[in-house]
Amino acid sequence: MKPVVVRNIKRADSNAVGTMQALGVSTSHEALGRSGLMKPYMRPIWAGASIAGPAVTVLAQPGDNWMIHVAIEQCQPGDVLVVGCTADNTDGMFGDLLGTSLKARGAKGLIIDAGCRDVKELKDMGFPVWSRAISAKGTVKATLGSVNIPVVCAGALIHPGDAIVADDDGVVVVPRGRAEKTVAAAAAREANEGEKRAKLASGILGLDMYAMREPLEKAGLKYID
Amino acid sequence: MKPVVVRNIKRADSNAVGTMQALGVSTSHEALGRSGLMKPYMRPIWAGASIAGPAVTVLAQPGDNWMIHVAIEQCQPGDVLVVGCTADNTDGMFGDLLGTSLKARGAKGLIIDAGCRDVKELKDMGFPVWSRAISAKGTVKATLGSVNIPVVCAGALIHPGDAIVADDDGVVVVPRGRAEKTVAAAAAREANEGEKRAKLASGILGLDMYAMREPLEKAGLKYID
Amino acid sequence: MKPVVVRNIKRADSNAVGTMQALGVSTSHEALGRSGLMKPYMRPIWAGASIAGPAVTVLAQPGDNWMIHVAIEQCQPGDVLVVGCTADNTDGMFGDLLGTSLKARGAKGLIIDAGCRDVKELKDMGFPVWSRAISAKGTVKATLGSVNIPVVCAGALIHPGDAIVADDDGVVVVPRGRAEKTVAAAAAREANEGEKRAKLASGILGLDMYAMREPLEKAGLKYID
Amino acid sequence: MKPVVVRNIKRADSNAVGTMQALGVSTSHEALGRSGLMKPYMRPIWAGASIAGPAVTVLAQPGDNWMIHVAIEQCQPGDVLVVGCTADNTDGMFGDLLGTSLKARGAKGLIIDAGCRDVKELKDMGFPVWSRAISAKGTVKATLGSVNIPVVCAGALIHPGDAIVADDDGVVVVPRGRAEKTVAAAAAREANEGEKRAKLASGILGLDMYAMREPLEKAGLKYID
Amino acid sequence: MKPVVVRNIKRADSNAVGTMQALGVSTSHEALGRSGLMKPYMRPIWAGASIAGPAVTVLAQPGDNWMIHVAIEQCQPGDVLVVGCTADNTDGMFGDLLGTSLKARGAKGLIIDAGCRDVKELKDMGFPVWSRAISAKGTVKATLGSVNIPVVCAGALIHPGDAIVADDDGVVVVPRGRAEKTVAAAAAREANEGEKRAKLASGILGLDMYAMREPLEKAGLKYID
Amino acid sequence: MKPVVVRNIKRADSNAVGTMQALGVSTSHEALGRSGLMKPYMRPIWAGASIAGPAVTVLAQPGDNWMIHVAIEQCQPGDVLVVGCTADNTDGMFGDLLGTSLKARGAKGLIIDAGCRDVKELKDMGFPVWSRAISAKGTVKATLGSVNIPVVCAGALIHPGDAIVADDDGVVVVPRGRAEKTVAAAAAREANEGEKRAKLASGILGLDMYAMREPLEKAGLKYID
């Protein structure tokens, strides 16, 4: 595989991305037909952050953060940097210096299928990171990878420009071409959920609200006193 | 195994349960003779909660939360819902809608050997959950399980009505028939611990307080300068 | 292996240790030539603590905390207790009573390649612990181990008296004989980082600041529009 | 929990057990309604063995095989020894001496949720073991557990006398009271499978044999050329 | 995501695939520029098999093998079936009946990022499977997925028709459009390796054969007597 | 840490090493006082091999096998190469070319806390390897490490020249200075075991042979009919 940097990518619609950020990961994932989710080992290094933005993608070598430096130049304000690795790795490939640089470019956050360090500093500067590990392990700059090619990150496939949504529930990828439809479905779903929440809070049971009693009986469920 | 819902269960004594909540997981587990603990991968989705209550149990299929809806109807104020799965699974089988419904029933919290989502919303509403994972992965409602049968959850055996104690140290199960004896033992232990704590804080060594020097020497321990 | 307690150990220079605490784990690890790091499964039981001190080491049996009692007597103010196990184990070998005793001796914290319990109490008393697990599982006092011999803890080798640095990024071991050189290298590195941080914050790219464009081209990286 | 040895247990019907051994784990598990399976980390230490027998159960402490010695006396010819632990552990709690003793009692094999050693010797003597790990780690004889009480082993609940079936596919537990019904269901299933196998081998598709085309279409599956 | 079955796919060149089978996984992976490898948790259920073929892909739900039945119809002689899941799962989604059917279609083997069962039967019939687990856990047929869309399996991206190579070293994916170039590179590499092997067997060191002494010295390696 | 190669090391006594190979891992580990064992994730890539020899040690970077080439030159006939990594890694750092070279030097086998590839070729040439993973993932030759310094491998500390014993039960390290004493203890133990084995095979119980009945009763064990 030739190492390349693709400079011009198409980004997911910014209105759709803005709405997704408000709707969050679980709702966006549902609206997408329950796909696109990264594996649950991807966790925020500090709680409470919630972002969305088009992906600038990196395929990196384990323990080598050379390509992250290359990728930062390709980031525009609002982007989310997504780093996949060619092998499982927990080394601290990202720290506060890279965070300072990404923030200066206007990037909204980092998703990395490897380790992150300088956790306290990144939290203090309000730069959100989702990673598979926290590790101070230093890395080298020895082998090329690529920027803005399709990558697999934490079990999900990301094309450059796809919308990334990340919050305390994890990280989901919405393909660029489906961003607007997903937002529409998610908004409808969300409206619907408000109503359901009120009913459930009043004591109405899901069994009744969703009319589950009959299908449960048909499936063979027995009640015993 | 026929899918069933057992409606009438006997619940652990509420006074005993109340005392256990104050004593916490580690003390209750010790008082029980060091048994009944769930595996340490069970973690609170937010820190600081501390609950105790009789168990309503669910045996669910991985990635299928149909039986949680069924179980909510069986919950009474003060109960703790405990969900085991027929296979290891991290899907987000529980979220804020189910949390709203459980809270409306007066349930004190959820213990689930699978994933949980809507972490921020559940924290905001003060509903505590202990789970093996956080995941936005959506689930289906396709296959029956059972409610209020004995289940294995995170390596522990729970009968319906057993007392569940959960806090930042994890989750412990106290069999219903042993709740009162356990509480008595735990209270004695706790009283004892306050005195020990004061001695240790004053600089007295455990070696002396527990009279360990002689058994250590007998076991063959040598000091070298 | 005969079970022994070595009473007189040489401790890493206290000035060096003090500086390391201010510099933190990632900087110390880098200054040491990227070695000495414990595996990233070692996590603080509460966030925000930052310590450094000479190691008092324990080799314990899994599920047996007898030797921790023995080791506390060997601790001096400023020490960090480091516990390795002869087999992987997550039992709660350390709790608030041992924490009270260690604190009374002036120890700064605990590093344990096993489980810890009484998390809330330890946090409330401000006693920091880095462990591989949180577990209420009780332990026995049945089999001897050793104190102040070289131990392997979370993949790192620690000699008694080595400097331990621990914060939110993890735990690093600086060999006693290299503490001062490491501090000098770390301080130089840190000074340098402040300057770099300012440049990156102003928008200068790492690609230019580190003069990476030419080596990247030589390595064969291609840009595609 | 008081440490006890229960001497008189009721064993699953020996005819039923004999049939289960011929039918194997996957068929028995299906006939049981897809329950009773131990977690897939339980693997045979050598391939090709296939056993079934009533369970003699042990609850042991991690790294302590004292109770296995106690349990051997309770084994009768044809029994399977099942060992659960109070905490996750991979120590080599069983080796060729214990294997020799168990074999002399006529026991058919061992299921242990911990480590096993002397793998070559056990294979040479034809004694089958399913374990979570292979480890030479030595163990102590220091703390009591119990024999022939209900135990959780690798996520499954076993009562003394339940039928255990184990082969290359893993380990399944058939509750004693359901052994005969399970065998009847399994035999029916097996007969049925022979016929299906012949059809599939002749090139008939499962899609047609199971009449899946209509339900797939109803569920919304689309074919694209 | 709409569930679809894509019927007409382009398959990797059969000559290239045949050569890859002879060259094996490690050589093919190297020739591809060290990419395309599935994670190392993918292991053969029996040792010694070696296959290559174009991929028919399946995206399945965890614990649900409905789509495997659908996919079998799309297989042609020489194909390799590749199954990815929407969430981590170890259930036994494939057994000897499906193996009989796949074999009747002329398929060469199965790659599944989930569990497999009937290990002995599949070995006896000589049908090779690479999976993440062995488990007898039964599955349902309740939720649709898709066939012949791009899927992520064990961390690798597979498009329908890509060449799959699998042996005792693992599983590698060669994109269809690069199959011939990869084969050419692999063959060259292999020829080269024979010569190297002979030199190394004669006692010539890699240090000399690869002329590493000078770069090692430049990098700063010191020899100490 | 300066990268160095130490050329002259003292090797464990060859007679002692020869005896250890015959006694095997479990017996040697017991004779050593139950220490020195590598973690049980270290498994042979093919079953049945049994080796012992003095260690030539390597500290390597993850995904970088440069130092293995350097270390081969330091191997003498009978040595065992032991490779530790500075971070967890499963890449295939060793294959049949390196195996051919090591074999030509007379080395007896490889212990590597990383991945291995060319499994079939290594088995065919009878070269034994114990590793944490099997992976075809290619590696680079970019960063220095060291040869013949103390290393941590799979949780065990190895000094150059220490005796390594490896078989189907795992890998144990016997410190060079304790090799002869360990062998003496192991031989005594082994003689003793033959007698015990005969007794146990004749039906005598461990309970009686080890005189456990009284201590069990004193510890509080109760028998229930």
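Letters A, B, C, D, E and F mark the chains in the order given here, with residues in each chain numbered from 1 onward.
Heads up, the rule we're going with is that a contact is a pair of C-beta atoms (placed from the backbone, for glycine too) under 8 Å apart; a residue touches a chain by one contact, two chains touch by 3 or more.
From a predicted model like this one, the values you see are computed outputs, not experimental measurements.
Visitor: With touch defined as above, tell me whether subunit D and subunit F contact each other through largely the same residue numbers, more than half shared, or through different ones.
Guide: Different; most numbers are used by only one of subunit D and subunit F.
Visitor: What rotation angle, rounded to the nearest 5 degrees, superposes the C-alpha atoms of subunit B onto those of its identical copy subunit C?
Guide: Copies differ by a rotation of 120 degrees.
Visitor: Just curious, how far off is subunit D from subunit A if you go by their C-alpha centres, in Å?
Guide: Taking the mean C-alpha position of each chain, the two centres sit 41 Å apart.
Visitor: Distance from the CA centroid of subunit D to that of subunit E, rounded to the nearest Å?
Guide: 31
Visitor: Need the CA-centroid distance for the pair subunit B / subunit E, whole Å please.
Guide: 42
Visitor: Among the residues of subunit D, which ones contact at least 2 other chains?
Guide: As it turns out, subunit D has residues touching two or more other chains at 2, 34, 37, 86-88, 90, 135, 137, 143.
Visitor: Identify every two-chain combination in which the chains touch.
Guide: Applying the touch rule to all chain pairs gives A-B, A-C, A-E, A-F, B-C, B-D, B-E, C-D, C-F, D-E, D-F, E-F.
Visitor: Provide the residue numbers of subunit B that touch subunit E in the complex, in ascending order.
Guide: 61-63, 86-91, 135, 137, 140, 142-143
Visitor: Under the stated contact criterion, what part of subunit D meets subunit E in this complex?
Guide: 25-26, 29-30, 34, 37, 40, 43, 48, 50, 167-170, 172, 193, 196-197, 200-203, 205-207, 210, 212, 216, 219-225
Visitor: Going by the contact rule at the top, pick out the subunit E residues touching subunit A in the complex.
Guide: Answer in residue numbers: 1-2, 32-35, 37, 39, 86-88, 150, 152, 155-157.
Visitor: In their complex, what parts of subunit E are in touch with subunit D?
Guide: 2-8, 66, 69-70, 72-73, 90, 92, 95-98, 100-101, 103-105, 115, 117-120, 133-138, 141, 143-144
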